[in-house]
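See below for the structure under consideration.
Naming follows writing order (A, B and C), and every chain is counted from residue 1.
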């Protein structure tokens, strides 16, 4: 992660070769280091959740089965089957070992049901929603921020800033349910919930419905999948767009006030082009923020999924919460932690591509 | 003498701030001929940078040119609007700045930034590409540095790139706003040499804005001394340096340390005035050792004391 | 006692006269009005409605009318009564949660920032990990582990804001520590804890106020979310998030008042806190200029 900000221009081999070599060697090392940095984050959260779920007072088995009418021998048997009678430290490492091999154990409720299989089944739905939500929030946030900066200190600017601040504090389920009321119940434009019409048949390849329906050339399925994702994506995207509005606005204003913009003017470059150059500079910090924002996006996705009965990891979590299915909850937390780490890595890479000042 | 390439007449620029009107430049007039290097000397806040910006009709808000004319190659820059004005910038008159670290776009290759200037003024792509190579070489850099990003270059190299971008279209006038202040001493000399060379080979008139009268004495062909928004003395370098007329010019010259002389440099007593409430009459009178009653009451007009040597001071003016 | 009084007065003087100019002042006052209105609602609940929020007050599913301004739900409970009594639940959980996370986050941040070294590195790492994680998911798993109850919901919410306070205080301490007067205090031999509490804490009070308001806004949304998922107080105790969840079941029937009012109240309260935070932060930013 050595960031060399200033070095003398060294003459060596051809530029293209040098650039490529830099990019490739640096990139590999950079990815390796960044990937290694994900591990402690995941580990700390794993430990935290382990402590919370296993060591804190309260017997998970009792919580699940209820206290009535179960002979103690049978309880012991269940505990033994789940490995809960072993010392904590053994449980901790055993489970960790399994997780490293992609095995999140089995559900406590439906015996023998592999959590890994469940999660893999649900994952595409969550990713689809998260990506759609991110796109919507960027679209809204970047365009409003851009407009606010260009119309700086006018009523438009003030209005957009208030819009950004208020949407950010909207309660996702409320917004989602109001959308359902308006667009699904009253206007009947869009379906209220679910991911696709139950009577549309779609052969799943990747699990991403939109992608699958394009791959199989299934127009009906595509139309259905798209019409189902609009309201949830709009809900999630609108709520998360506020910070982008603010960030794009302040960064674009900063860029427009910078010396290089003044210099562009002095050299007779068109204003529209200058705006574009300033915009590019202003977007760099926005990308970084999008990475940080991802945790918020996942949290928001849980609420959005629940509100729209979207069959993703969020609804899975909430279902399992209802049953107090500890291994499943633990698995979701670890998967989310891993998610956050991977996304921050991807964002760092995009950042490096956008900003030539960063060399890995 | 031939026609001047730059004529500034009665230029007046005010900043309309919330705390009052800042009279940054008032009634400034000067001329520059082909191949001239006119040094605009003054303390910080004397309005010299503002004067520089107005030569490109680029005074940042809340500033506004209140009156005056700036004629470059027969065109009044201040009367231009919209696309005409944009095209005049860069092709008739261009500018380089003090801080080469911040005046180049950090995320674009420097060559592209030079190329853009040419394309934006209608030069065809192929020709523009050739011109970039030419101009990068002309400022003493190797051709492949055009592919570098600003952060990969040293301060001096960046300033050379800025110069290349500014002269790519061979403007008649180049405004250089403290072009060496942010650089090392050695690099300073190189950059000034480069500007000298450009001036000699292309005949471009350079307006050198500086607070350093020693630099002006060394490099300029003409010197204009600014104080509190007004040009107080203006003339060929030799005359201004050897025979300074205005008390402020004299004070400025005495404030420069001279290694060869045993005398200590003398600082000018007092502070430059607040340009929201400039002093009455001659703006220098509160700090002037020779101030008379009339200096407080009325501003002296410009007087030509010897050929081409002008001064604005009651010591030389007749009522 | 006298010291305490004087300190309190100084704190109040810092907050109430609102040396916030222009836009900031408007934001703070608007926010204050909203938050105070909700607090008033919670306190004066019995005066504001004749109905018991947990008893049938009339026919089920009545739309808003003079008698039931916010309508009635599937069990015939008066929604307005559930809203005003529900204000109690959410305010208690939010204030309790923020108090707990301040009580943990601020001392840890002070220690970490002041002493640095190994403690600092370890604490920072843990806090950063929590901070980077989807807070709602963390709160959900904590609430599950602790079991659904008002107090447990407060603890679950508190945990996710500890890093916020920790990071803010730690950063402030690091920057204040550089300042000369701390050096002087040290040179005068003033004990460390006295330096922290008498000299550093007052300096960062305005920032704490800002972070308090903003995290309270966020905590309102988190409490509502937990309650929406059935992880806060248990029914029939009135709680806005839970009522919204119940309303979800009747979306297709078009019983809008079961959804609109609880959700509106959640959003309003969150906006109120956020406005206070925004307004105060304008002042902090100006002071730091």
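Quick note on the criterion: a residue touches a chain if its C-beta (ideal position, glycine included) is under 8 Å from a C-beta of that chain, and two chains touch if they have at least 3 such contacts.
Predicted model only: the values in this text are computed from it and were never measured.
Of all chains shown, the one whose average CA position lies nearest the global CA mean is A.
Chain centre most remote from that of chain A: B (centre = mean of CA atoms).
Separating the centre of chain A from that of chain C, both taken as means of CA atoms, is a distance of 25 Å.
Each chain gets one centre point, the mean of its Cα atoms, and the points for chain B and chain C are 57 Å apart. The mean-CA centres of chain A and chain B are about 53 angstrom from one another, to the nearest whole unit. Chain B has no residue in contact with two or more other chains. Not a single residue position of chain A touches two or more of the other chains.
Across the complex, chain C is touched by residues 40-41, 44-45, 48-49, 52-53, 56, 58, 63, 165-166, 168-175, 177-178, 180-181, 184-186, 192, 292, 295-296, 298-300, 302-303, 306-307, 317-318, 321-322, 324, 326, 329-330, 332-333, 336-337, 340, 344 of chain A.
Considering their complex, residues 5-9, 11, 15, 258-260, 262-271, 273, 277, 280-281, 284, 354-357 of chain A touch chain B.
Chain B contributes residues 56, 58, 60, 86-91, 94-95, 97, 99, 102-109, 116-117, 120-121, 142, 144-145, 147-149, 151-154, 157, 162, 165-166, 169 to its touches with chain A in the complex.
Chain C contributes residues 125-126, 128-130, 132-138, 140-142, 144-147, 217, 221, 224-225, 228-231, 241, 244-245, 247-248, 251-252, 254, 256, 259-260, 262-264, 266-267, 270-271, 274-275, 278 to its touches with chain A in the complex.
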